[in-house]
Amino acid sequence: MPRAVDAACGRRRSDTMALVIVDQALYAGGTRRPCGDLSDELAALRSSGAPGDFLWIGLKDPTLAEFDEVNDELGLHPLAVEDAIKGRQRAKVELYDTSVFVVLKPLRYVEESSDIETGELMCFVGDRFIVTVRRGEASPLTGLRHRLEADPEALRRGPMGVLHAIVDLVVDGYRVIDEEVGTDLEDIETRVFSDDGIDSSTIYRLKREVLEFRRAAAPLAAPLHALHATDHPHVTDHELRLLFRDVSDHLQSVIEHVESYDRLLTDVLGAHLAQVTVQQNSDMRRISAWVAIAAVPTMVAGIYGMNFEFMPELVASVDVGGREVHYGYFAVVTLMAVACLGLFRAFKRSGWL
Amino acid sequence: MPRAVDAACGRRRSDTMALVIVDQALYAGGTRRPCGDLSDELAALRSSGAPGDFLWIGLKDPTLAEFDEVNDELGLHPLAVEDAIKGRQRAKVELYDTSVFVVLKPLRYVEESSDIETGELMCFVGDRFIVTVRRGEASPLTGLRHRLEADPEALRRGPMGVLHAIVDLVVDGYRVIDEEVGTDLEDIETRVFSDDGIDSSTIYRLKREVLEFRRAAAPLAAPLHALHATDHPHVTDHELRLLFRDVSDHLQSVIEHVESYDRLLTDVLGAHLAQVTVQQNSDMRRISAWVAIAAVPTMVAGIYGMNFEFMPELVASVDVGGREVHYGYFAVVTLMAVACLGLFRAFKRSGWL
Amino acid sequence: MPRAVDAACGRRRSDTMALVIVDQALYAGGTRRPCGDLSDELAALRSSGAPGDFLWIGLKDPTLAEFDEVNDELGLHPLAVEDAIKGRQRAKVELYDTSVFVVLKPLRYVEESSDIETGELMCFVGDRFIVTVRRGEASPLTGLRHRLEADPEALRRGPMGVLHAIVDLVVDGYRVIDEEVGTDLEDIETRVFSDDGIDSSTIYRLKREVLEFRRAAAPLAAPLHALHATDHPHVTDHELRLLFRDVSDHLQSVIEHVESYDRLLTDVLGAHLAQVTVQQNSDMRRISAWVAIAAVPTMVAGIYGMNFEFMPELVASVDVGGREVHYGYFAVVTLMAVACLGLFRAFKRSGWL
Amino acid sequence: MPRAVDAACGRRRSDTMALVIVDQALYAGGTRRPCGDLSDELAALRSSGAPGDFLWIGLKDPTLAEFDEVNDELGLHPLAVEDAIKGRQRAKVELYDTSVFVVLKPLRYVEESSDIETGELMCFVGDRFIVTVRRGEASPLTGLRHRLEADPEALRRGPMGVLHAIVDLVVDGYRVIDEEVGTDLEDIETRVFSDDGIDSSTIYRLKREVLEFRRAAAPLAAPLHALHATDHPHVTDHELRLLFRDVSDHLQSVIEHVESYDRLLTDVLGAHLAQVTVQQNSDMRRISAWVAIAAVPTMVAGIYGMNFEFMPELVASVDVGGREVHYGYFAVVTLMAVACLGLFRAFKRSGWL
Amino acid sequence: MPRAVDAACGRRRSDTMALVIVDQALYAGGTRRPCGDLSDELAALRSSGAPGDFLWIGLKDPTLAEFDEVNDELGLHPLAVEDAIKGRQRAKVELYDTSVFVVLKPLRYVEESSDIETGELMCFVGDRFIVTVRRGEASPLTGLRHRLEADPEALRRGPMGVLHAIVDLVVDGYRVIDEEVGTDLEDIETRVFSDDGIDSSTIYRLKREVLEFRRAAAPLAAPLHALHATDHPHVTDHELRLLFRDVSDHLQSVIEHVESYDRLLTDVLGAHLAQVTVQQNSDMRRISAWVAIAAVPTMVAGIYGMNFEFMPELVASVDVGGREVHYGYFAVVTLMAVACLGLFRAFKRSGWL
């Protein structure tokens, strides 16, 4: 939700700008100051500002026309501006002559659907300003400005310090999702190997989210590493380099986990699908075993249902106390029962029933 | 469809050349001028042309003989010319002493068959000229010349600026297809996991197209990166380097997506094939369960169809109001029905029916 | 279990510190000395200590506040301190201006569950001190200090020599687990290919442990290599470089084995799942073969159970010594037995029974 | 088939040499000259030959002794000679002090069996000579010498120019096979996805050939790239570098295709095997469905074959024009027919029949 | 089997040393000389030996104490010595200040079980000595010393020349096994695709051996390449560099083959497992088809076994020459036979029988 533009920020603007500019302020000596006309403030900062004093302008979903009102005074490169307007860029750190353009892909985890949503966050970092552009709903900057305003030392690191804080926020977000995905994977593993009902689409969907995760995180690794590893022209402060190395390290850890998840999910998907087949085969075996048991009395009954003239078993009898008892039927039924029971036990022993 | 050769373009030519040369013109100060004899114009440009003035010659499917008419005056390298005539080259950027030879593989997406078609587009970029050679039907240059002629600033960047515009066009085409393929994949995923009828050949064919996509896009990544990353001898203009970096970045994004698609398609193909087996096994289990149910009354009936002399159930009767009622048959049929119903319920509970 | 703080270690401390500081001592000329106030000792070491004299402070699960008491006097970098407090870092070697920060992931193998547990061990190595921070239960440092105190030559290598001893300990632990996992894998292989009962979850779980193993070991390879391969600013002693190369080599060997295990486990999981299906199919074939055998007498009996007016076999008889013998029934039962036996033999020959 | 040794080639030789030396000649100014004693000719070339004049000696399956006769005068390195005699080398480009040794693996495609056969071709390239050694039957050099003799400009490029022509020939051969394999793969794909009868061994065998293809082509990529990319000591001519780059580019294209084929074949093999299982399961379902249909009348008939004293359906009758008509049998048979037809339709609707 | 220690080798030694030292000698000018006290001989060699003169000491399974007797005089690095004593190292080439330590993993192929056994062979190469340490039974050095003693030129290359001969021997051993494994793979392929009986464990075991093969061969590739590719401090002789390049090339060829085997084995294992399933499914289909055939007469017989009052077929008769012939039974049996035959033919046509 865009907060109203800083009232102290002098210049008259079209009404839509009030919606686009989420916040803007001047930070001098680590303290927030109201900011007047952008070009005047910039000129003043450049001529007489203390090191680390800068402007921070926060935009949200600007159109080209809206962005131009800001850009007229900052002189950003049109290619970077085009990326910021169009969106759907990959994560990157691009150096221009007088500024650095950074695209971040903050992630959001939707608990109910285990879905990862990719947002977009762009930063233009100049000598005396930082412009942050948020696209879409995921808004990881909420609260960050407030937290930084309570930490003058961080603000005194200037625009690159703010950039660090933002990248740190995004990467911390990755770490949270890393754990969520880890939990989801463990949950899936438990269910797959406990024959608990799980749908193969659940597994596949997590795999898809993991790839989305990777696409957000992996491209950032190399440029973030470059920010601290070499004599980067825009990160001259030694402390800042260590800070970027710290974030870079966390990012690396996340990427390694994501790679593991990807491998494991392929295996667990295969295992699940095989498991289902195994279960079904096991059911089939059980059904067939029962049919086989039933086939025995059916066969025997068929034999004694034949109409031959002379079948001695049919008329077999014993003399019990003078009464002729035809025991054939009882003998055969007993035989059937014994045969069935024997089969049942054998199948039970084989684990087929 | 080749437009007629620029009327102002003096030299007499064989009739076939009119079909081969799609368009040619001289651009001075960002404005189109008619072009006379090629070698005269080139000599004039080289001696007294302003920086950024150049010739642009557009050819289509030239034969070696036809190309020679143009080449006599431009002095291109025979190896590059051979590639342009023969076609079927891989995407590349080749440096020659006085020119750069670029092969691009524009892609076209055929909606109805979800097929990707690979075209071919070659560019010879010299100090004062660019020759573009189209092969096959896919014609991504239609409209580009017109659009550039309306943008004098772009034209003033000279032949390398035109090359950038062309590469940008091709890579923008990749991005469109990237989204199409993404949609196709999502569609396949939905159908695979909803047991909607899908053919495994559909999945495999998309995988094939993805590999074709990769073959077109991936080889361009390294040379395109070289065009902006290092002190490339042919890209001395700083702005142009930034422009090539921009295209390079978009290409990288496309390649990353294509890699994801490839991985996901392997998984989804495996999942689909397993799914089909699972469905069939499930059908078999259902059929077998019904057969098992039918086996029970068959067995019982067999028993009471035996011809033993004395089978008490057959003649069992009760006295109902003085009438002897033989209830055996009814009892057994009831028993059968109860057994079948019991089995049916048990199978239903197990999810087998 | 934290041993009590070295009694000789002068300064008064809060009671909790006694639990956090496992041990601390000064090592001069390879011999243990009691250590007084940290900053005094350090200053003395820096001004007049012999090369290789240093302080060794051992902590366990310190909180930020607790760590600060130590850190106030050592001047460690806040980012490294934050990692040591928070834990859950990846294995790494980070250079700071005046110290090296090392994160190690010692592993512990739980025999009964074949589970690998990952611990965490951090080291801050300065010019004249080493701080070791243990997290969690796995405590590979137990005994190491004692062993080193018995080896003055090793102690004379200074803090970096202690670091080597620790890394060596951790990597030796990896080698032990490497063998355990190798044994587990061989055990699984034997059981899979001998149709001995094995659960697919057992295989999958080992695969998971192998990935955990890799995550602990692999990230250490590059920085450990850097410690000996190049002119590393913190490893100036030639002997020490050879020592680190030795550990690095063992680590490499472990990583290669782990890669092999991973590949083999994927194959063995696939083979196992296929094996199970094959076994089940084999059972089904056996059951079906028996049902097929039973179907023959059932069919024949059905035929002779028909009620046609004239069925010659039913009344066929021979005259045996004047007595009319109806042999039909016996002939048919014999026929049935012969047919069943024939089928049984045929199925036996095909390996179906 | 070895042509007779150039008659003008003076020195007396053993008879076997006539079989081993396929052809030898001196090329001066791009024209073929007869060649006398090897060492005399070489010495003359080295002292007074124009640039680009050289000897070309063609051998076939030489033994060490035979080769020594040639080598005595050329001073080749024993290690290279050993490789040429022993054969079964991998494709490579090896630099020696005064010569380059190149091993090529020409491929031959056997249409009837879709088999790829790997040959072997070695070249020793010196300052003033090239020795080509053919092993085995595949003889890609047939015709090449003739074609080159008709192209003096190519011959004037000297021994390295001949090497280029040979490598070009071999790589052009790869391109032909690339297309053949592509066609075979498409054929396999069509048959797999049209349920046309295809054997899994056909797919596997193509995969094997593809790996053989890769083994021939891939190792050549890096050294061929080195021949043109860097300041290679043996390729000082700029034109020649461009020529080698051209071949290198074609080789790269072939390798990329081969990689695609490999990936696709793995997928298509998996898909085929799954397809077969699916087809078999489908047959089983059909058979079982028919058995299930037959089970219904069997069950009903069994019931009415029971011998109960009183079964009203058996004696049910209506009075039709005074005649008592027992309709029971007809009713039941009709019922059976209706039940079977109903099942048949239901199974048909489910796609089981 | 250790040969007795060279009698001429002066110094008194403990009896166990006679078992540990397989052989030792001094080689001067390519000729074997008896060797006296090690340190005396070394000092003499260093002060006045001709280039290429050296000591060669061969050990077998030495303990640390035993090795120390030798090492006291050679001054090897303790870390290398530790590796040589402990064994179970990975293949490597380690540079120390005054010597090179090489670990090789010779392989032995056990024909009967198709098993590959990994041995271990260590070499310490100094300026004037080479120490070879054999571990385990596989003894690839048997005969090598003899062969070298017959080749003075090779011996004159000094200790590094002996190292080359040893590495060459080991890699030649790899090539032999490469072919054995290739043959085993072809055998497996033939059996898998000819439905010849093959056990999946056979395939898996070969895969395991291939991985063992790779672990032995692959780690050697990079250091062996370094030995010849760069200005290696220990290989200053140009000829020697070419010799190492030759071995390196053969090793590379082996590694490429091993990679192919690995890929193919994965595919062939999958294909085999699928093949078995397909065969079993085919058996099931055959059995079910026979059961389906038997179900038809069973059903028909059931119908005519019903006890309805009026079933016209049962009493159907024709008047044949005045005699009433009840043909019903014969008609029905004929009908049954015809139906079974029809089914049999249909199933035969579908390939189900």
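For clarity, chains are labelled A, B, C, D and E in written order, and residue numbers in each chain start from 1.
Here is the rule we go by: a residue touches a chain if its C-beta (ideal position, glycine included) is under 8 Å from a C-beta of that chain, and two chains touch if they have at least 3 such contacts.
Here the structure is a predicted model, which means the values were calculated and not measured.
Between chain B and chain D, two chains of identical sequence, the interface residue sets overlap only in part, with shared numbers making up under half of the total. Rotation angle, chain B onto chain E, C-alpha superposition: 145 degrees, expressed as a multiple of 5. We define each chain's centre as the mean of its Cα atoms; on that basis chain A and chain B are separated by 26 Å.
The mean-CA centres of chain C and chain D are about 42 angstrom from one another, to the nearest whole unit. Residues of chain C found to touch two or more other chains are 270, 274, 277, 281, 284, 288, 291, 295, 298, 302, 305-307, 311. Those residues of chain C lying in contact with chain A across their complex are 77, 79, 82-83, 89-90, 92, 94, 96-97, 199-201, 204, 207-208, 211, 215, 219, 266, 269-270, 273-274, 276-277, 280-281, 283-284, 287-288, 290-291, 294-295, 297-298, 301-302, 304-307, 311, 313-315, 317, 325-326, 328-329, 332-333, 336.
Taken in their complex, chain D has these residues touching chain B: 189, 193, 238, 242-243, 245-246, 249, 252-253, 256-257, 260, 263-264, 267-268, 270-271, 274-275, 277-278, 281-282, 284-285, 288-289, 291-292, 295-296, 298-299, 302-303, 305-311, 350, 352.
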